[in-house]
Every structure is written in C-alpha cells, then in structure tokens.
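Each chain gets a letter, A, B, C and D, in the order it is written, and its residues are counted from 1.
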Amino acid sequence: MPMPGQFFMVGLPGRLDPLLKRPFGLFRHEDGLLSFMYRVRGKGTLIMSGLVPGDTVEILGPLGNHYPLPEGKYRIRKPLLVAGGTGVASLLPLLRELKKNSIFVYGGRNRDELLCIDEVRGLAGEFIAATQDGSEGVRGTAVDVVTDLIRGRDKDGFLLYACGPAGMLKSLQGLGLQGYCAMEENMACGTGVCLGCAVKTSTGYKRACTEGPVFDINEVVFERF
Amino acid sequence: MPMPGQFFMVGLPGRLDPLLKRPFGLFRHEDGLLSFMYRVRGKGTLIMSGLVPGDTVEILGPLGNHYPLPEGKYRIRKPLLVAGGTGVASLLPLLRELKKNSIFVYGGRNRDELLCIDEVRGLAGEFIAATQDGSEGVRGTAVDVVTDLIRGRDKDGFLLYACGPAGMLKSLQGLGLQGYCAMEENMACGTGVCLGCAVKTSTGYKRACTEGPVFDINEVVFERF
Amino acid sequence: MSGSELNLSVNIGQKLPLKNPVMTASGTCGYGAEVARFYEPARLGALVLKGISLTPWPGNPCPRITETACGMINSIGLQNVGLKAFIKEKLPVAKALGSPIIANILGGSAGEYVKIARALEEAGVDGIELNVSCPNVKKGGIAFGLDLKSFTKLIKAVRKDISGPAIIVKLSPGAQPIEAFARAAQEEGADAVSLINTVPAMAIDADSRRPLIRNIVGGLSGPAIKPIALWLVYKTSKAVTIPVIGIGGIRTGRDAIEFILAGASAVQVGTASFVDPAAPVRVLEGIEGYMREKGIKDISALVGGLVTGCS
Amino acid sequence: MSGSELNLSVNIGQKLPLKNPVMTASGTCGYGAEVARFYEPARLGALVLKGISLTPWPGNPCPRITETACGMINSIGLQNVGLKAFIKEKLPVAKALGSPIIANILGGSAGEYVKIARALEEAGVDGIELNVSCPNVKKGGIAFGLDLKSFTKLIKAVRKDISGPAIIVKLSPGAQPIEAFARAAQEEGADAVSLINTVPAMAIDADSRRPLIRNIVGGLSGPAIKPIALWLVYKTSKAVTIPVIGIGGIRTGRDAIEFILAGASAVQVGTASFVDPAAPVRVLEGIEGYMREKGIKDISALVGGLVTGCS
C-alpha cells in the first residue's frame, strides 16, 4: 500500500530514448488505480502527455520513505502543508489523510499553476493560496504566507510538510519550524544502487530515492547551484 | 509525379531512435494519396506498424531513378516482371502501366508471403506464382520459373524487370536476359550525399539512391557477403 | 532443451570459474544486497560491487546524473563507505547472497591499490577488479588507465602481493592504443581485462548556460556507447589470450551475444539495471534463449565467433 | 529583432571571416551541389565538402552504414573523385553556390597532404580542413591524428607551403590527450581545429554472426556522440586560443548553442543532414531564435559562456 510521499519510477516501454524511468510522487490511489499528476518538463513528460488510453507504461514502486504522520510527541502540533507548484501532487495524498486537521498553503506563479485547488480547498482545515501575480489568493509567495502565519505564534505549534522548488524549501528552512520536506533530485534507478540522487544533509549525502524523498527539513543542506 | 521504381525516405518525427529515415518504394499513388507496402523487419518498421490514422510520418521524395519503360528499340520486347517477396511493392506500379502487355513471375516462401497476389493476377498478361513449399503456384523459386519460361525461346524477346533479394537478382543475371533490377542497400540520406548506398557495377560504385535504385541488371556486380 | 542442459560456464582465469557469463557492472548494483529484492543474485555469474577506496569518499555534489540521447552521464565521484566499513558491513552481506563476489577498487597510488587488494584477499573476495578508468575522480584511477607506464607498474605491484582472488583490470575507452594496455595487463599476470568503463562526456543546459553535471565532466554509459565498446572489445580480444569481459550498453541477451561473438568471455550489465532492476537476469535468460534457438549447447562455441570472411 | 539585426559573424583565423557559424560537416553534403535543391548554400557560414585524396578512391564494399542507438556507423572508405576531377569538375560548381568553400583532404603521407593543399590553394578554396582522423582508411589519416609527432610534422609541412586558405585541423576523438594535439596545431600555425570526427565503432548481427559493416570497424556519429564531442570541445577550447569548430550530433539550434557555450566558435552539422537535408539551415535558424529569445545580439557573447561557478 503506497503511502503519502512515496514515489514510482515511470517508464515508456519499447524505447531507448528516453532511456531512464522518471520519478513521480503518487498522486492518488483508489480502486486499484494509481494516478500521477505531472507537469510537462522535457522529453519524457512530453511523450507521456501524448499517451492515450490503452497505451502501456512501466512502473516500479512504491519507492522511498513517506511523510511521517504527526504522531507521538508531534500529535499536538498543527500540520502545516506548504506546496509550491507541482509539489501539490505529493502533498495531496497526505492532506487526504489529515483533512480538516491541517493548514494548507499553496503557492504558484499564477492561478493557472494552482492545480487541484478546489480539492485542496475542500479538504484542508485552513487554506491560503498565494500567487506572484495575485491572480489567486494573496499576492506573494508561499513562504511569505507562512512567514505571516507564524508571526507571533509558537513555532512548536506547527509541523511543517513542504514540497516544491528547492528555493522555496530553503527559505522555509530559514523560518525555524520543525518538519519535513520532499526532495527532488535527478534519479537514474530509484532503487538505491546508482547513488545519483544524493541529497546533502548534516550527516552526509543521503539517497533521495531510499533514505528520502522525505527528509527532516532541518537536516538538509541546500546548496543547489 | 513519382514514377514506378522511385522511392521515398520515410521517417518518424520527434524521435532520435530510430534516427534515420527508411527507404520504401512507392507502392501506389492515387487521389493525392501515397501508399507504401512494407514488411516489418526491424525497429523502424515495427514502430511504423503501430501507427494509427492521424499519426504523422515525414517523407522525402520521390527519390532515385525509375524503371525505364520498354521504349525505342526495346518496344518490341515482352516485359518480364520478376518479384521476390516485398519486391512486388516496387513492381506493381510498373505493372499498372504495362498491364496485359507483361508477364509477371512472383516468388516467395509460401502463399502468405505473396501479397497483393490478386491484383497482380488481374493486371498481368501472364501470371506465374512460385512458392518454396508449393502452397501457391508451382513449387520452386521465381528463378526456376523464369528459367523454364525462357528455355528454347529467344532471350531478346524479353525485357527483364526484377526486384527482390540479392540472391534472386544474381541468379536472374546468370540467365543472360536484358533488363533492369532495383537494388536495396542500407541508406542514410537517400539524397546522394552520404555515399552509404554504394552498388558495385562494372563501371565502379554507384549510389543506389541517385544513379539507382534501378540498374541495368547486367552491369551490377553482385558480391554481397 | 532446458536452461540446465546448456553449458554457460566460463572461466575468468584459473581462479574464477563462473556458472554463467553474466555479471553486474560496478556501481550499478550497490553492494549486492540492494538487488536481492528484484532477483536472486545467485543466478548470476558474479556480482561486481560498487568501487571501494581506502577511506570513505563523500562523492560529488548534485546533479550527479543526466540523461543524453540513448545514454546517461554520471559523476557520482566514487561515493563509497571505504575499505573498513566495506569489509565489516557490506562484504559479509554480499557473500551471503550466494554469488561469487568481485570487488571493484580504486586508489590514489599503487600502494593504495595494493593495500586495499591485500585486505580484500584476506577478507575473502573471489575477484578484484582494478578500476583504473573512472573519469570521475581527480587523482588516481584514470591516471593509471591512460599512462602505460604507471599502468604496468600498478598491475605488477598488485599481482606480486595477491594470489587468491582473480585480478581483473578494467580498461578505459581512452587508453591509446587499448591493445597495448591489455597486453601489459596480461604480461603482468592479470587474470582478465574488462572494458569499457564510461566515456568522458558532458551535457549543457542552453537556458541556464550551466553544465547538467555539477562536476562538468562525467562518464557516458548505456546503449549509446555499445558500438564503441563492441569495437574495443573486438580489438582487445584479438590482442590477448586472457579472458575479456565486455561492458557497455548491454541490455538484452542479443547485446550480450554480440559482445561474446566479438570476443568477450563474459559480460557486465550496468545502466540497463537502472531501467529494469532485473536486467542482468533478463540478459542471462536472453542468452539461454538464443542458444536454444540456434541449437548451441556450450557458450564457449560462441566466444569470438564473429564471421568476417566472404561466404 | 529580425535575423538581420543579429551579428552572427565569426572569424576562423584572420583568413576566413564567416557570416555565421554554421557549416556542413565533411562527407555529409557531397560536393555542395547536391544540397542546393534543399536550401540555399549561401545562407551557411561555409560548406565543408567531402574528403578528397590525391587519386580517386573507390571506397569500401557495402554495407557501409548501419544504424545504432541514436547514432549510425559509417565506413564509406573515403570514396572520392580524386584531386584532379575535384578541381576540374566539382570545385567550380561548389564555388558558384555563393558560400565559402572548405575542402577536406586526406593523404597517405605528409607529402601527399602538401601536394593536395597546394593544388587547392591554387584552385582557390577558402579553407582546407586536414582530415587526420578518418577511422575508415587503412593508411594515412588517423595515423597522423593519433601520433603527436607525425601530427606536428604534418601541420608544419602544410603550413609552410600554404598561405592563402585557412588551415583547419580536424582532430580525432581518440587523440590522447586531445589538448596536446590542439596545442601542437596552434603552435604550427593552424588557423583553427575542428572536432570531433567519428568515433571508431562496430555493430554485429547476432543471427548471421557477421559485422553489420563490411569493413568491420566504422565511425560512430549522430546524437549518441554529442556528449563526448561536447566534452572534447570544452577541454580543447580551454587549451588553445585559435578557434575551435564543434562537430558531433548537432541537430538543432540548441545543440549548436551548447557547443558554442562549451567554447566552439563555429559548428558543423553532419548526420542530422541525412535525417533532414535542410538541417544546417534549421540549426542556423535555431541559433537566431535562441539569440532573439535571450536578447543576445552578438554570437561572440556566447562563445565559451558556460557558467560553472556557484550562484
């Protein structure tokens, strides 16, 4: 049973180009049907977007760890989910478990980038959208929203779950909250053997596909060039 | 206006693998529609066989020379068309011009290999099929049939047009008839610039895509390894 | 004919008999344990584990990998746990998998190679592959792989001290001419040569104007390099009598057969395992299928069996 | 910004100013005339014609080409009409196309190279590309490309005698280390180096057990080798101050930009022209499109513009 935050490697059979499978976080798992939500970024996702019903893809998974639920000593904390762009794909499964017991901050360049916004709004206890052009929610970034939200409040009252661009995660880390983030790194194998997906942490490189993709946000060393 | 014997380079857009276009003889040209007939041989033809209406291919052509019609001093000769396997694809357009004024010999391993046999039978003045297993026409090869056919007759009464495997062409050459054959060589460009498609002739290497694919059968030096 | 009626066994020197010619390629099966959930490692001829250095190496910053046309570039930078942890933690687990274990080692000096090899001999590995061809570390490694003199010295030094495990020398595609390196390896007593390691390569993102590998240069692997590897294996196998292990873009049984026809006694499967974790087993099954189809009972009948004359 | 407001001009030494950096690659545009039905040759920076030898060469028997993963292998064997016929029949037609003409030449000895170069200077070509890297002929050519001593001698000999046309030395990807060859070319007075020529490679048909190229070995080209070429161009351009011409798998404007960012002053389009005969023009248009999109007015601002530090 795949858990929120886990991912699958998705490949196009019968092709040598693209060669490698691509990682996608599980977006939905219902009635034996796995769904992924993805943005067309390059060669692989472009071909995927042209697939029609009946076409076959190869998948490998579920892989990686998952978002720890707010249990044990963290039970009393308020889950604060922060999604940037397609990061929502990874956080929605978590939101479906947490439901009203959560705050969801969703940032993007503009309204069109905020996919599944209605589902998120409907599920979350509190929902704030942020767009750079103000076309939806407040004008600004998800980080701006979180900064406002926690101002003057006890940081220990929150448990952060973040998924989005590295820049966003780095800024969120600067806010001093406890919590987790899901990391995206280029992956070749997804199964821990290639060491291609190294994430720098305070205790050395860790594999995003095996020790991650979910990391303690305060252990990650952001140094993307 | 493409002529019998000419070919097109056919490519699959948006792919780097297969990389090169593949050569196919024009099979039919009617109402602005070009048709090719092909056998699945490898990577490219396999993908082609999975195309559905609406899919796009890239074509370049018509390319190469064509079968000379029996004109001038050859007018009085009887066109003798000899097809082996998919060689029929190249000879059918010629047959559609020559019609009843022709003999057509069609050889293949078995009945299933003799495609378009009804159309050929209907068009040709005289038609003889040959299969190795005897499942259609006489048991034997197209070369056997031609050997029988010309036995005791004046070789100058025939004008040969042959298309098929190199082995068949070589044997036909041995029969001492005047005429033409269409050569298949691996092609990269189809336009005369790569020199990949060299056919050895008595006057040196010639390009199958430019000086061919149709050659005087008695000028070809068969030495395929 | 069932698989078991076929004889797929090959010898890597006198030291290392393998039940079949298919191995993993170093750096693509971790330390062995990682692949056990996808196939039974004992089915393979051998497992070649991730490269090991004397001390732990952190590896290079990301991005470490990027895809190219029918291939990929990696610059892992030989991230590894180091000799001590390898022997203590990784090797026992790998040995328990039931397949012969070949360690892949890299040092900054001949002395370092010898030190590692000695410790591994003591710890009990079946083979040692000398990586003198890694394009992703600054010193050592490829410095030996491209310079015939230090290459020869290195192998002499290692050979003098090691008698148990088979010694395999992993050649660089850049060795010029590769036959000379292979011959030197043979003369210095190596049990086999393996080739090719990845080909130095680079990729650039035109938008950001940055290299797509943080380390700028990396090593190209996968189907794109198969034709290059095949030629080097063919050339090399003509130059030596010790077994040649073919590596580079092998994905199917037919790919492996091509290398064997070119002169390889065995093969390693690398990048293909990223696409399909069970690729090495599929390659093995493909070889068996080919042999059954062609009625070939003994794989040795195929080694170097390329037909080049006129028929 | 329209195409004409962009400055795409580059200089191949002082001898050869080009209006833009896109050329055909030798062996992929015939003698020039063949491409005129697909695009206006005068649009390109230069046409590099099929390699020429002193006497006509018949070339190799077929199969001469075969496809591989994202690439192709060729072994044409330098079929060409020979110097005399080239000068008499081919060159006048090529010159009439309105684009600078670069002849690509190959000899069995330094003397032969000089002889050909002299005749071409007299006949009036704009540039001479010394092919010392063809993997498909037995003697000459690559023998110079892999041996630094004879390489240096060759260029010295040609340079001494030739003063009109620009001299471009086409390097082999196997030259080890390539920087030394590029530096030697520069020191001996070459106007530019171009790279890479095809990579020696092989393909086998497992069914027939035969090589898919009659000559067994051929040269790999196309997208598969682009990452290899990019790295060698990057390395080479760091080692010399003369212009570097990038070749290998270039198919789009972005590909060309990648080579330019890596340090190339100009590029050649080869195998891509087989797939799309107008590929060189599309590459040119792609470069213009990129420059417009990024607001870059002068192509020279991009040469070697790879960003490698931390941001």
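We take it that contacts are C-beta pairs under 8 Å (C-beta built on N, C-alpha and C of every residue); 3 or more make two chains touch, one makes a residue touch a chain.
In this text the structure is predicted, and so the values were computed from the model without any measurement.
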**Report entry** Chains touching both chain A and chain D
**Finding:** B, C
Report summary line: Between chain C and chain D, the fewest touch steps amount to 1
Report summary line: Two candidates, B-D and B-C; the one with more touching C-beta pairs is B-D
Query raised in the report: Going by the average position of its CA atoms, which chain sits the greatest distance from chain A?
Result: B
Report summary line: Whole-Å distance, C-alpha centre of chain A to that of chain B, is 58
Query raised in the report: Measuring from the mean C-alpha position of chain A to the mean C-alpha position of chain C, what distance in angstrom results?
Result: 37
Query raised in the report: From the C-alpha centre of chain B to that of chain C, how far is it in Å?
Result: 47
Report summary line: Residues of chain D that touch at least two other chains are 69-71, 210, 222-223
Query raised in the report: What are the residues of chain B that contact at least two other chains?
Result: 16-17, 223, 225
Query raised in the report: If each chain is a dot and touching chains are joined, what shape do you get: line, ring, star, complete or other?
Result: complete
Query raised in the report: So in the complex, which bits of chain C are touching chain A?
Result: 27-30, 34-35, 38, 50, 58-59, 61-67, 69-72, 74, 76, 79, 210, 214, 222-223, 251, 271, 273-275, 277
Report summary line: In the complex, chain C touches chain D at residues 68-71, 73, 146, 174-177, 199-204, 206, 208-211, 216-217, 220, 222-228, 230-231, 234, 249, 254, 257-258, 261-262, 290, 305-308
Requested in this report: Report the residues of chain C in contact with chain B in the complex, numbered from low to high.
Outcome: 69-70, 309-311
Query raised in the report: In their complex, what parts of chain B are in touch with chain C?
Result: 16-17, 223, 225
**Report entry** chain B - residues contacting chain D, complex
**Finding:** 11, 16-21, 43, 60, 185-200, 204-205, 223-225
